[in-house]
Structure formats: structure tokens, C-alpha cells
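Look at the two complexes coming up: chain A is in both, with chain B in one and chain C in the other.
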Partner chain A sequence: MWQEVAEVVARSLLISGTATMLAAFWSIPVAMILTAKESEFRRVLLDLTNTLVAIPTVLVGLVLYLLLSRSGPLGFLGILYTPTSIVIGEAVLITPLIVSLSASVLRETRAGIWEMAVSIGATERQALVTMVTESLPRLMSVILIGFNRAIGELGVALMLGGNIKGLTRVMTTAIALEVSKGEFEFALALGGVLLFVTFLVTAIVRKVGKTA
Partner chain B sequence: MRIRRVFVALTVAVVVSILFLSIYQTGQHENILRVTTTTSLYNTGLLDKLAEEFKQMHPDVSVQFIAIGSGEALRRAAQGDADMVLSHAPNLEKRYLDDGTLKPGKIFAYNYFIIVGPSDDPANVTGMSPIEAMAAIYTAGERGRAIFVSRADNSGTHNRELMLWSLASVNPSGKTWYLELGADMALTLMVANEKKAYTLSDVGTYLKFSDKLGELKPLVERGDALINIYSVYVVNPVKVPGVNEKLAEVFMRFITSEEGQKIIENYGIDEFGKPLFNAARGDPTGELKNVWESMAKLG
Partner chain C sequence: MIELKRVSFAYANEDIIRDVNLTFGPGVTVVIGPNGSGKTTLLKLAAAIYRPRVGEVLIDGVNTWSAPETVRVSVRRNVVYVHEKPIMLRGSVADNVAYGLRIRNVPDDEVATRTEEALEALGIKHLAHEKAQTLSAGQQQKVALARALAVRPKNLLLDEPIASLDKSGREIFMELLREMVRKEVCVAMATHDRLLALQLMGRTIVVENKTATLIENPERIS
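This part shows the complex of A and B:
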């Protein structure tokens, strides 16, 4: 049984890790664009992003399910009920969160660094690079928060993955299943494992981030 | 430059993990049979057991169960996302049979729903027929002496509960003593226990949870209106393209074969001292089919 638990943990880490990197990949550039200049339009976009942070996971799951379903427009990809579909769903889910938090990090650094860099004669490009470099450690924490949201969510994994044993069963769907089977003690133990693993990842990333 | 390095590292990491995932999946891409199923079957562990035995005969086949309520299970099959459906909601099944989504199926197992309630039984339903019991709960509810907790999630159990109310010619919808949860059987039983309320349950989930349900007792356990019929359907490839019809039929034959039926009627003896399901064995008297028909009509 514990071998199955180990598999589920590894699968969760792989799926949520990939989803987080994917989300960071497009979210941070978007955050840079949104904070590069002050304008009413960009502020509205940011408000919208902040709103989307509150989107229910099961709603993201449902929308993507209808897209990826065999009868949906992306059905030909045949990725519903596979780990890939959970990766995509979680990446979409945490995008607003990462954009929103990165934007506030970048905006703060910008206030301090941008003006200074420009005033000592840096080009706009150099100033931008300096700004992002200075923000890196805090952006790293933002990405970690995104990862934690991804690994702890249930709605997307259940809807898109289907909680299939040995293929798409992840920590959260396994916990939900044990609860509905009445195995509360085992569900609690799994919950403990989930939090412990998340804690480990957080600690390791912080350590690595410091030395890099 | 530091940013570029981070960016390159990120790109490489994303590409590698996506490659890894796609390799991991293609390994499983041969001969997949996708089955959407009612949770009341899956959560007992019976289906994993059947799949395990099936795999010994067909090692190249991967049977994947997606356990959801019967309503959602049928809907997802209609969307084209399952090859096979296991369901226990005749009235819903009828709809999908009529519109051609499902090919005519087979009844493979049955057991009984049970009406559970507080041990002191304020509505006095013990010993009554299921329909009398529902009427008595209604009357007691109106007098403020009983609470009923409903799944309210369009599952097979929920559909049966609605049918029982309508057979008793009462409509509890909107009453203050009638709590509509929108929850699975497990949670519904827990709520009924906390509130000392009546509810309708499948027998498997109730037995699994009975050690946590100190306030509750099964009160009505028999009666035609409580027969819980499990049917298996292959999705119709003419109506829903892409269905793995061949494999679905092989698995259906296995479930209804002597070997499959033996597994079904013995399942649960180790854990509960009695079996959770009765095998239908082809329904020789046609009685199950009759009950199924009359329920499908009522929906």
C-alpha cells in the first residue's frame, strides 16, 4: 500500500511541478508587461487578474473538460483523463495567482530600482533587466505559492484526471476517495504526507535559491 | 546573464517534464477501456477486484474507472469520454437508451437500498413498507418530529429517493425539515448521523460507515421499491464516435460471465461477514428486468 502512496506522491510532484513551471513561463512575462507602464487599461487588466485568483477550481476543471472532451473542440488531442490534462488545468488555474503576485513584486521593485537605474544613465532595457534580477528571490517565492496552490487543489485533478488508479490519482484525489470510503484515518495520514512533502519542497527551493 | 540562465533552465525543465509525461502516457495508450461508474460500486473496491481478475486474462488491457454519480457518469459517456457505463438509475438510463447514446445493456448485480434513521425512530417507520415509511417520515417532518437528509446530486440514490416520495404521493421539496445537501453518500450519512435524521442509502456505503454512525440504524431494508439494480452499458459507437466497442464488450462479457458473477456475489464477505451484492446471473425469471422497466417509466 505504501508503495502506491509513494507513486501517488511522485506523480503529484511531477504533475504540479510541471504545471507550475509552465504557468511561470508565461505568467511572469505577462506580469512584466502589465507593470512596465502605468495606464488605465493595464490597471483594469490587473483588476481582472486579481478577480480570477478567486476562480473555483471545479469551474476551471469544467471549462477545460468541455474543451478537451472527445466531443469538444480540442477532443482530437485525446488528452482527457491523462496527467497532461491535469498539468494544463493546474497551469491555467494558478496563472492569475502568479501574474497577480509577480505584478505586485515587480511594481514595488520598479518604484525603488527603475528610477535609480535610469537616473544613473542605464538604458530602458538595462533598467528592466536590473529590475527583474533584483526581484528574482521574491519571484521565486511567488512561484512556490503557485506550486502549493497547484498541489493542494482538488477540482481540476478530479474533473480532468478522473482519479484513475495508477494513472491520474494524485494526493488530493486520493484523500477525497479515502474520505468517501470512510477511511478517515488513512485520509488524514495522506493529508499529513501531502503537507510534509510540500514543506520539503518549499525548504529545498529556498535553500537552492539562496545559494544560486 | 542571470535572467537568461534562469529562463533557459526553466525552458529545459518544462520541455523535459512534458517529454517525460508524454512517454509515461504513451506506454499506457494501448488498449484502454474507460468506464464511468457510480461511486457506490467503485468505493466498495469491487471494481478494482474485477479489473484485477480481468487483467490476468487480458494483460495488455488497462481498465480505467472514473467514479462519479450516475447522472454525471451517463452525461460524460454521452460527451464521448467513456466506452462503458456502470449505473444504477433506471430512469436516467432510459433517457440515454432512448436517444441512442447507449446500446441495450445488461443487469449484472442488485442489492437493496435501505432507509436509515435515528435509533429512536420518531416517525415509527420500522416494519413498514418503503412507501409507507416515506409517507410516515413526511407526516412526522410536517409535525416537526423528523428530519430527512437528501443527496440532491442527481445520483442513482437521489433519483430513487425522489421516486419513493412520488410513489408515496408527497413532495418534500422546499420544506424546512428536508435538507438538500448536494453531497456524496458518505457525507450525507455523516450529516444524517449528526442531525439524527432519516436518509436513503445504498447498503455498501452504509456498511462501510456504520462504525461512524452511532445514532443511525437501518429501519427499512426490504421491498420491491428498494431494489437497487446495477446495469452495464456499452456506449453506442454510431452515436458517439471513438468508442472502444470491442474491448467494452469483452469486459461486459467478463462481468456477466460465471467467473465475474462469482466474484460479485462473494465480494464483501471477508470484510462484513455478508456479501454486498447479489449476482443477477442473467436474470432468469426476468423479474429484475420488470422492476427496472417500471422504475424507468416512473422517472
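This part shows the complex of A and C:
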């Protein structure tokens, strides 16, 4: 049984880690664009992003399910009920969170670092690179928050993954399954494992960030 | 030399600076005025950090904001603006001082030499390997000044440069200022310190009521 738990933990880490990297890959550049210059349009986009942070996971799951199901517009991809679909779903889910928090970090840095860089003779590009480099520790924290949200969500993993044993079962769907079976103690134990794993990842990232 | 021609600047649709005509020439120009009068904004406009709503900012004769990006960067590199609250990068004091040189692609050996010279000039060579962000406000102010000196600017704009400095720091600063005047660097300095303004006896710009007025004889300011 514990071998299965270990497998589920590993799968959760892999799926949520990949989803987080994917989301960070597009979210941070978007945040950079949103904070590059003040404009009404960008402010509206930021408000929209902040609103989407609160989107229910099950709603993201449902929308993506409709898109990816056999009769949906992306059904031809045949990725529903695979780890890939959970990766995509979680990446979409945490995108607004990473964009919103990264924009907040970069806006703060822009007021100081960007201006200092320009004032000493940096080009726009050099100033931007300096701004991002100086924000890295805080951006890593933002990415970590995204990862924690991804690994702890249930709606997307359940609707897009289907909780298939040995293929798409992750920590949260395993906990939900045990609850539905009335195995509350085991569900609680799995919850503890989930929290411990998340804590461990947080500690490692914090340590790496400090060293960097 | 920096010239501001009919420059206006607004925050949130409200003019902070209106129709200002000024020239920052060689020597020291002191910028004074009450809190919130726009001294910092004026210096940032002169440094081509802020873009004016209307008007022209000419650095060494080049109209900064209508020039192509490459030309703008090139002329802007003749100007350094030092913030009132020093902004430190992660890394050591030496890294911070070297920053302006590195973005100019100065060769490594020259970066090392000029960084050391600047640190020595400010009397902070012993802090070279300290983390800049952990220093006191006064020490950070010296690092910011060293960072500016290292790039040997033709125009140096200082915002409250001595606010955090102790007595010896002020003496070092005054000596550096004299040195820059000898080298015909154009220095503009916003300050609340009226004593310092009188000590320098340079040209004085009074920023008040959204405008800036040049007074050639600062003794008349009471």
C-alpha cells in the first residue's frame, strides 16, 4: 500500500511541478508586459487577472473537460484522462495567480530597481533584465505559491484525470477516494503526507533561493 | 549641459511642473523648494528618466525624447541621477559600484580599477565585499555616490545627497564636489539643507508653485 502512496506522491510532484514550470514560463513574461508601462488597458487586464485568481478549480476543470472531451473542439488530441490533461489544467488554473503576484513583485521592483538602472545608464532591455534578476528570490516564492496551489487542488485533477489508478491518481484525488470509501483515517494520513511533501518542497526552494 | 525647454510634467493629469525653462551648466546648481514642490521630478526630467508631457529636454544639445533609442541611451549615459533613498542591488558593494560600468561593457580590468578608485574616494573601500543591502542608510548613500562617480558622468544630478551622511561623510562629499567642479562636471543637487546651499554659493533653482526659477545670486534667498 505504501508503495502505491509513494507512487501517487511522485506522480503528484511530477504533474504539479511540470504544470508550475509551464505556467511560470508564460505567466512571468505576461506580468513583465503588464508592468512595463502604466495604461488603462493594462490596469483592466490586471483587474481581470486578479479576479481569475479566485476561479473555482472545478470550473476550470469543467471548461477544459468540455474542450478536451471526445466531442469537444480539442477532443482530437485524445489527452483527456491522461497526466497531460492534468498538467494543462493545473497550469491554466495557476496562471492568473502567478501573473497577479509576479506583476505585484515586478511593479514594486520597477519603482526602484528599474529606475536606478535607467538613471545610471542602462538601456530599457538592461534595466528589464536587472529588474527580473533582482526580483528572482521573490519570483521564486511566487512560483512556489503556484506549485502549492496546483498540488493541493482537486477539481481539475478529478475532472481531467479521472483518478485512474496507476495513471492519473494524485494525492488529492486519492484523498477524495478514501473519503468516499469512508476510510477517514487513511484519508487524513494522506493529507498529512501531502502537507509534509509541500513543506519539504517549500523548504528546499527557500534554501536554494537563499544560496542563489 | 542639460537644457529644459518649456517643459511640463503631470502625474494623474495634474501638472507638477509647468512650462519650465532651465539650463544646468558646469559647476554646481542647487535646487531648493518645499516638500512636494517637484524638486525630484525636475531632476528626473533633467536625467531623462521621466518623459515630459510637453517640452524638450536637451542633453549635450541632443533632444532626448525625439532621438532614436540608441542615441537617447548614448546621451543619457552622460547623465547620472542619484536617488534620495539609495537603491541597492543584491550582491556586494563592489558589485553595486561596478554596475554602471558593466552595463557600458567596460573591460573587466578597468571595471576593477575604477570601482576601487570610486570606493576609495568615498572612503568605503573596506566595505567592498559587504552585502550592500545590509548597510546603513549613510553607507548606502556613499555606495550610491561611488556608483555614480565610477562612470565619470559629465552631468551629475543628486537628490538630497547628504541627508544620511555624518560629518566626515559630508566633508568627503564636499571635497568630491569641489573636484567635480574643477573637472567642469555639471552638478545639480536638490537639498533642504539651506546651509549647504549657501556654502556652495552656486546657481540656485527655486522650485515652487509648479514652476522653477533660476536665481543667480542665492544670498538673496531668505
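The rule is short, and it goes like this: the second predicted complex is superposed on the first by the 212 of 212 C-alpha atoms of A that agree within 3 Å, B and C clash if a C-alpha of one lies under 4 Å from a C-alpha of the other, contacts with A are read in each partner's own complex, and residues count from 1 in each chain.
Going forward, a residue touches a chain if its C-beta (ideal position, glycine included) is under 8 Å from a C-beta of that chain, and two chains touch if they have at least 3 such contacts.
This structure is a prediction, so every number in the text was calculated from the model and none was measured.
Chemist: A:14 in the overlay: touching chain B, chain C, both, or neither? Say first, second, both or neither.
Modeler: After superposing on A, A:14 lies in contact with chain B but is clear of chain C.
Chemist: Give one of first, second, both or neither to describe whether A:134 is in contact with chain B, with chain C, with both, or with none.
Modeler: After superposing on A, A:134 lies in contact with chain C but is clear of chain B.
Chemist: Contacts for A:24 in the overlay, against chain B (first) and chain C (second): which applies, first, second, both or neither?
Modeler: first
Chemist: Once the two complexes are aligned on chain A, which partner has more residues of chain A within touching range, chain B or chain C?
Modeler: B
Chemist: Go through the superposed model and pick first if A:123 touches only chain B, second if only chain C, both, or neither.
Modeler: Second partner only, chain C.
Chemist: With the touch criterion stated at the top, can you tell me which chain A residues are shared between the chain B interface and the chain C interface?
Modeler: The overlap between the chain B and chain C interfaces on chain A is empty, containing no residue.
Chemist: Considering the complex alone, what residue numbers of chain A touch chain B?
Modeler: Per the touch definition, chain A meets chain B at residues 14-15, 17-18, 21-22, 24-25, 69-72, 75, 80-84, 87, 129, 132-133, 136, 162-165, 167, 177, 179-182, 184.
Chemist: Show which residues of chain A lie in contact with chain C when the two form their complex.
Modeler: So the residues of chain A touching chain C come out as 112-113, 115-124, 126, 130, 134, 137.
Chemist: Name, in rising order, each residue of chain B that touches chain A in their complex.
Modeler: That would be residues 1-3, 6, 10-11, 13-14, 17-18, 20-22, 24-25, 28, 34, 39, 43, 48, 62, 64-67, 76, 79-81, 184-187, 205, 208-209, 212, 240-242 of chain B.
Chemist: Any idea which chain C residues touch chain A in the complex?
Modeler: 44, 47, 49, 69, 73, 76-77, 80-83, 87, 89-90, 99-100, 103-104, 147-148, 151
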